[in-house]
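The data blocks that follow each hold one structure.
Below, chain A partners chain B and then partners chain C, in two separate complexes.
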Partner chain A sequence: MNDIIENIKTKGMQKFIALGALIVLYVAFSVFGNNFFTVDTLVSIFDASYYIGFLAIGVTFVIITGGIDLSIGTVMMCSAIVGGTLYNNMGVPLWLSLFVIILVGGIFGLLNGIMVSRLKLPPFIATLGTMMVASGIGSIVSNVQSTTFPMRSAADGWYKNIFRTADNFPTGIFVLILFTLLAVILLNKTVIGRYTYAIGSNKEAARLSGVNVQRWETVVYVISGLFAGLAGIAYAATYTTILPGAGQGFELQAIAGVVVGGTSLSGGVGSIIGTFIGVFIMSILKIGLPYVNLQPHYQTLITGIVVIGAVLLDIYRTKKEKSIKSKS
Partner chain B sequence: MTMETKAPILTMEHITKEFTGVKALKDANLDLYPGEVHALMGENGAGKSTLMKILTGIYKKNSGKITYLGKEIELKNPKEAQEAGIIIVHQELNMMNHLSVAENIFIGREEKSFGFWLDDKTINQKAAKLFEKLGISIHPKEIIGNLTVGKQQMVEIAKAISYNARIIIFDEPTAALTEAEISELFRMIEELKEKGVGMIYISHRMDEIEKITDRVTVMRDGEYIGTVNTHDTTKEEIINMMVGRVIYETPKTESAVKEDAPVVLKAEGITMSPSVKNASFSLRKGEILGFAGLMGAGRTELARAIFGADKMEKGTVFIHGKRVEINSPMDAVKNGIGYLSEDRKRFGVAVDLSVSENSVLTALSQFSEFGFVNDSLAHRTSKEYCEKLKTKTPSVHQLVRNLSGGNQQKVVIAKWLIQNSDILIFDEPTRGIDVGAKSEIYTLMNELAQMGKSIIMISSELTEVLRLSDRIIVMCEGRITGELDIKDATQEEIMRLATLREQTV
Partner chain C sequence: MKNKKILCCLMALVTAFTVLSGCGMGNPSQKTVEMVAKGFQHDFWKAVKKGADQAGKDLGVNINFVGPEGEGAIAAQVEMINNAINKKPAAICIAALDTTASLDAVNKAKANNIPVIGFDSGVPGAPEGTIFANASTDNYKAGELAAQKMYETISQKLTTGSSRIGVVSQEANSQSISMRTQGFLDKMEKLIESTGRSVAIIGHTKFSNGKTQGDVIIDVAIPPEINDTQGQTSAQTLLNKDDLIAIYGSNEFAAKAIINADAAISGGRIGNDKVVAVGFDSGALQIDAIRNRKFLGSVTQDPISIGYRAVELAVKAMNGEEAEDVDTGSQWYTADNIDSDAIKPLLYQ
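Here is the complex of A and B:
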């Protein structure tokens, strides 16, 4: 019985630390930054969190299985380019184009899933390949031109309201929260979630217990791909113009958010709420640093340090877990 | 108990299994009755695990017949075995540590609605009911990783029962359990007996075998030796059956170490929990010191600690009477210690490098100037050692991958001799080496000892220990349980010491 309490304590503590860090950061920037504590800044923090947030939620599933998905950044851009090209050049209605964006993400996810689960490629290599393939396809489809989605004033400008209304109300935060809750339910209340944890905890034991490991591993990468598609829509709605070849590096920001949120890269441990908090930590850093007069190159430096710190924390945590286990 | 009146639930007859040229099972037999606890015994490598892996569908047999519940069966995978009611409780527990107890028990068989929505309430209740029936107190919602090994094992047994197991195989179930947990386990086994479940019990612990089992089947070298009723037999008889092979190797009868040979290595109070407990011993010049014991006795761990491959918690090492700090293999090599791993391919040789490159690897600095390796000197030295050790290789440029196990071992020996190591630790020196090459390695080791090298030899083959050692140290569960001079050593005495558990000391 004590074990349970102990467990809740340690697990709750991790989320508490992340949430604490989030609040401390926000307060610190508000105190030390010029004009940081404004609605506009908050909205830009939200804007920066939508697409990274979707990427991070999707990849959390993959990371809990002990895998990794490096392709999400370029897949997100590639999907958006495909959707945008369909809309601009082929007269496909916007709603259908947006749907296609999600679909393309899912197809890339399926490709990753098949490579990892059936062809037994290491996830790092498989998704690294997909990352480049998606980047290439994006450039080919767009003919190395930028893809522009309709402006707010245009006839099809309605889609922008999904993430922000004309009078600057951040509707997107509710969309993000909605999908966060959906992912929480998926991970904690459904068979998919159970097998996600089971595979990450002990793949061989799961297999010996009769779990169809290949199928569920594929599903997890498909989820990651679908969320990358969603991220593509969020990016298009927020920034309108999409450059081919962009998107590289977004996957690392997303993964950084996941790790900062307490999901272990060694698998078996992790939560969507943690990822949600982690993403906002990364966004606050990104948006906030210019307010304390640190230029973009410093942001990269500091983001790097935060990522290394988070991974170190993860390693330290796993080590500690192990030492506790060997003692018992 | 009169088993013969009932029909057996399982018979395995004339089972053979070959792994690329090595016969792991030559003629294995086993039968099991409902409600019986049947001990399966034999030395390491006798084929017990292979036989059990065939029974549970992990390996496929080459020939032989398995009859289960009156029908001949051929299990293709572990899942089929599970569904048929044949369950193994592994020595290393196969659990998903981050999941809860109930989640682990019902993984792959969740209660769900609409095909995906989990109903954890029901599995928690089912698990609770299961535990209640078995009389064990474990909360279904507890995370498995937080339970003690003993409790984890209870969960695994409960899982087996929830599959309606007819046969449960216990592979060294008590290896990691405390006294209290063991009696809890035995109580559960008794209950399962009443229910008519047949159990195969693999263990080296004689006192447990006597206490819990009905019959004993002994295997040796992949062959069936015999089955006896536990209560009609003695510990000595079982040990005789286990080790009783004709000793075709002439054992050493007297220590070849000179009376006045100095102590070259002395280890005091080496502790590395949980595998090594307060181990002290000394090694003299020109001596072959055999380390005997069962798998998991802590011999390799002790050797690795002395070599600096793993960090020891407590203990001191003296070399030539001087206290030394060994924190890494580098320190050990500097102090003249060489380690020949039991897993040659992983830790001993670089298989994709040539004989010459492997031979000079450790002593590379002696063969290089300003960072450039003097290849011709390396080739010459390597060739010299190939001749000295009679290594069979077309040339020193041959890749080690293409050499036989025995010749690979010689390359490793050459490596340490070139480095001028005078203390050599051989961990299972002849594992994976065929009989002919074995005696060559033995001769070589004897010659090394005569040259004044001191050898620590860890071996699970008693005949090997008796043939080579001048002195034998026996370990059991991390402790040194005895030291025998070669002239007093017998297989029976070594086995007795190797199974001397802490509680019975």
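Here is the complex of A and C:
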């Protein structure tokens, strides 16, 4: 029993605070919101969480290595546009187009990985460049036209069922949980995860102890790219039409979710479950705030304050933790 | 070694530029009209471009049609307008995202004796004499048309008890979208008050009529950011109110938001015998909703005519002729006339 409490105190505190905040928010909106507490609203919260969730899970890997991936938002849109164009204009079957969407995300990830690990570009700059490249490629591929995926009524509408069935059952939440668990295993039980933390804690030490830093850093960006591709499918399934040139800003929403979930931007610390919770905190705010009849500008303001508060809390907690450790 | 690499990169860049700049050159013997649109994201602009290109062919001028990545990119658009002026074209057509931000550029054009033509929403509020003429939809009238058609269907439900009409508006800054929302609100208020019932317009402060209580409440929702998630949330907040009897989306984005939000509600809320939905413009999702009678109908502008008339005005301006503003008109369409010859060319997927 004492062990559990000790464990919560040292490791999981942030996660518990985050989980607590999530529940408190949901309850608060249910009490004060007009019609917030319904299954439909819950499904909407899920809808808003799928694509941001995939983006956030992928970028968590990168952030734990001490890097950043700013390209995920536009890469998501670009890969969806590529897939949609293949499907609409070139008669490629839908399943193959969906597969290509993930692949395109992975290719952008590889590009980021090579720039960061081999060419030694700072991650911020490399992925900022890729952000623009992806946005441009999306516009070029689609000839600056919006891409429409098949509607539910169409013959190829089956892919929508991956995220929501016709009678509004949120299948997507299981898909998201499945990939969350996959990422948890990847991060905690495999060599990829071990090296991810190692690189983030101390890159030089990792290199000296024989870790092939270049390879594993590349892998981490590829993971982020692949998840951006997944996010592209989720976005297409939820919103049907994809606009070229869009997607900027989603990466910051995802990163905000990661940070709220307790992953440190300085690297070495972080968890997928935390990210999962963080993403839902952001989604509940996004969906819930209009239900309490707030003007739009107040919604953005409050979301910003929550992000800052979460990071402050994290810094405060790590400080305290360190002082406890140094005393004992 | 390193220098060689850099040299290689530079050469590659130069080659790329030469190749790219080769595209997009028009006939050098013709005069050029620069057109700065609000972006290409929405299919609406493709139709405008189609009309402009056709007019360019008919009237013998080169058209250079540009626009920023998205409709939020005000600064990028101002740069585009400045670039267009620096090329010293025969005339320039502008659909400004933000009037005040574009004013300097418009004044610069005047100083350089380049005539400025407004299209789509134009450059509303520009100082007298800076704009030659506008080719645009009378958005206020178009909004009134939407209100009129919606009222004809829901007037029965409005006579007793309290009820709510929802409005989704993409934003409150752009003149064209604000006017469509305003035109709708004013007309609806007038129509309902003529039957002796009181109306309160709530939601966004810009559109409020100062009342908070009324027999009919018109609830205006504006998403905090222009993206699909926020749009859908705003629409869904309205659809989740039990007393809602009708809903209006004042552009393609808003209509899409309503459709997506409705799809996320078990059983759906909108339909001709349920919550009456009215949209604006077209696009694949909206056309589908109208065909399936989820939407009562929508108001469409005439984007091809907007592009064509703008170029026509530009040619008049460069020839020193006089011209007046052109209302390019708007039409009401439903599942019944969607395939008619009058409507079909105005719609885009």
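Assume the second predicted complex is superposed on the first by the 301 of 328 C-alpha atoms of A that agree within 3 Å, B and C clash if a C-alpha of one lies under 4 Å from a C-alpha of the other, contacts with A are read in each partner's own complex, and residues count from 1 in each chain.
Please note the rule applied: a contact is a pair of C-beta atoms (placed from the backbone, for glycine too) under 8 Å apart; a residue touches a chain by one contact, two chains touch by 3 or more.
Please read these numbers as outputs of a predicted model, since none were measured by experiment.
J.: Chain A residues in contact: does chain B have more, or chain C?
T.: C
J.: By the touch definition at the top of the document, which applies to A:V211: first (chain B), second (chain C), both, or neither?
T.: Only chain B; A:V211 stays clear of chain C.
J.: A:M151 in the overlay: touching chain B, chain C, both, or neither? Say first, second, both or neither.
T.: Touch partner of A:M151: chain C, not chain B.
J.: Report for A:I192: first if it touches chain B alone, second if chain C alone, otherwise both or neither.
T.: first
J.: Looking at the overlay, what does A:N35 touch: chain B (first), chain C (second), both, or neither?
T.: A:N35 sits against chain C, while chain B stays out of touch.
J.: Please name which positions on chain A make contact with chain B in the complex.
T.: 1, 3-4, 6-7, 189-194, 197-198, 200-202, 204-206, 208-211, 268-269, 321, 325-326, 328
J.: Note which residues of chain B are touching chain A in the complex, please.
T.: The touching residues are 78-79, 82-83, 94-99, 103, 107-110, 112, 115-118, 139, 141-143, 145-149, 274.
J.: Please name which positions on chain A make contact with chain C in the complex.
T.: 34-35, 38-41, 43-44, 47-48, 135, 139, 144-146, 148, 151-153, 164, 167-168, 235, 238-241, 243-246, 249-250, 286-287, 290-291, 295-297, 299-300
J.: Provide the residue numbers of chain C that touch chain A in the complex, in ascending order.
T.: Residues of chain C touching chain A: 39-43, 46, 69-70, 204-205, 221-225, 227-230, 232-234, 236-237, 240-242, 256, 260-261, 263-267, 283-285, 288, 292, 349.
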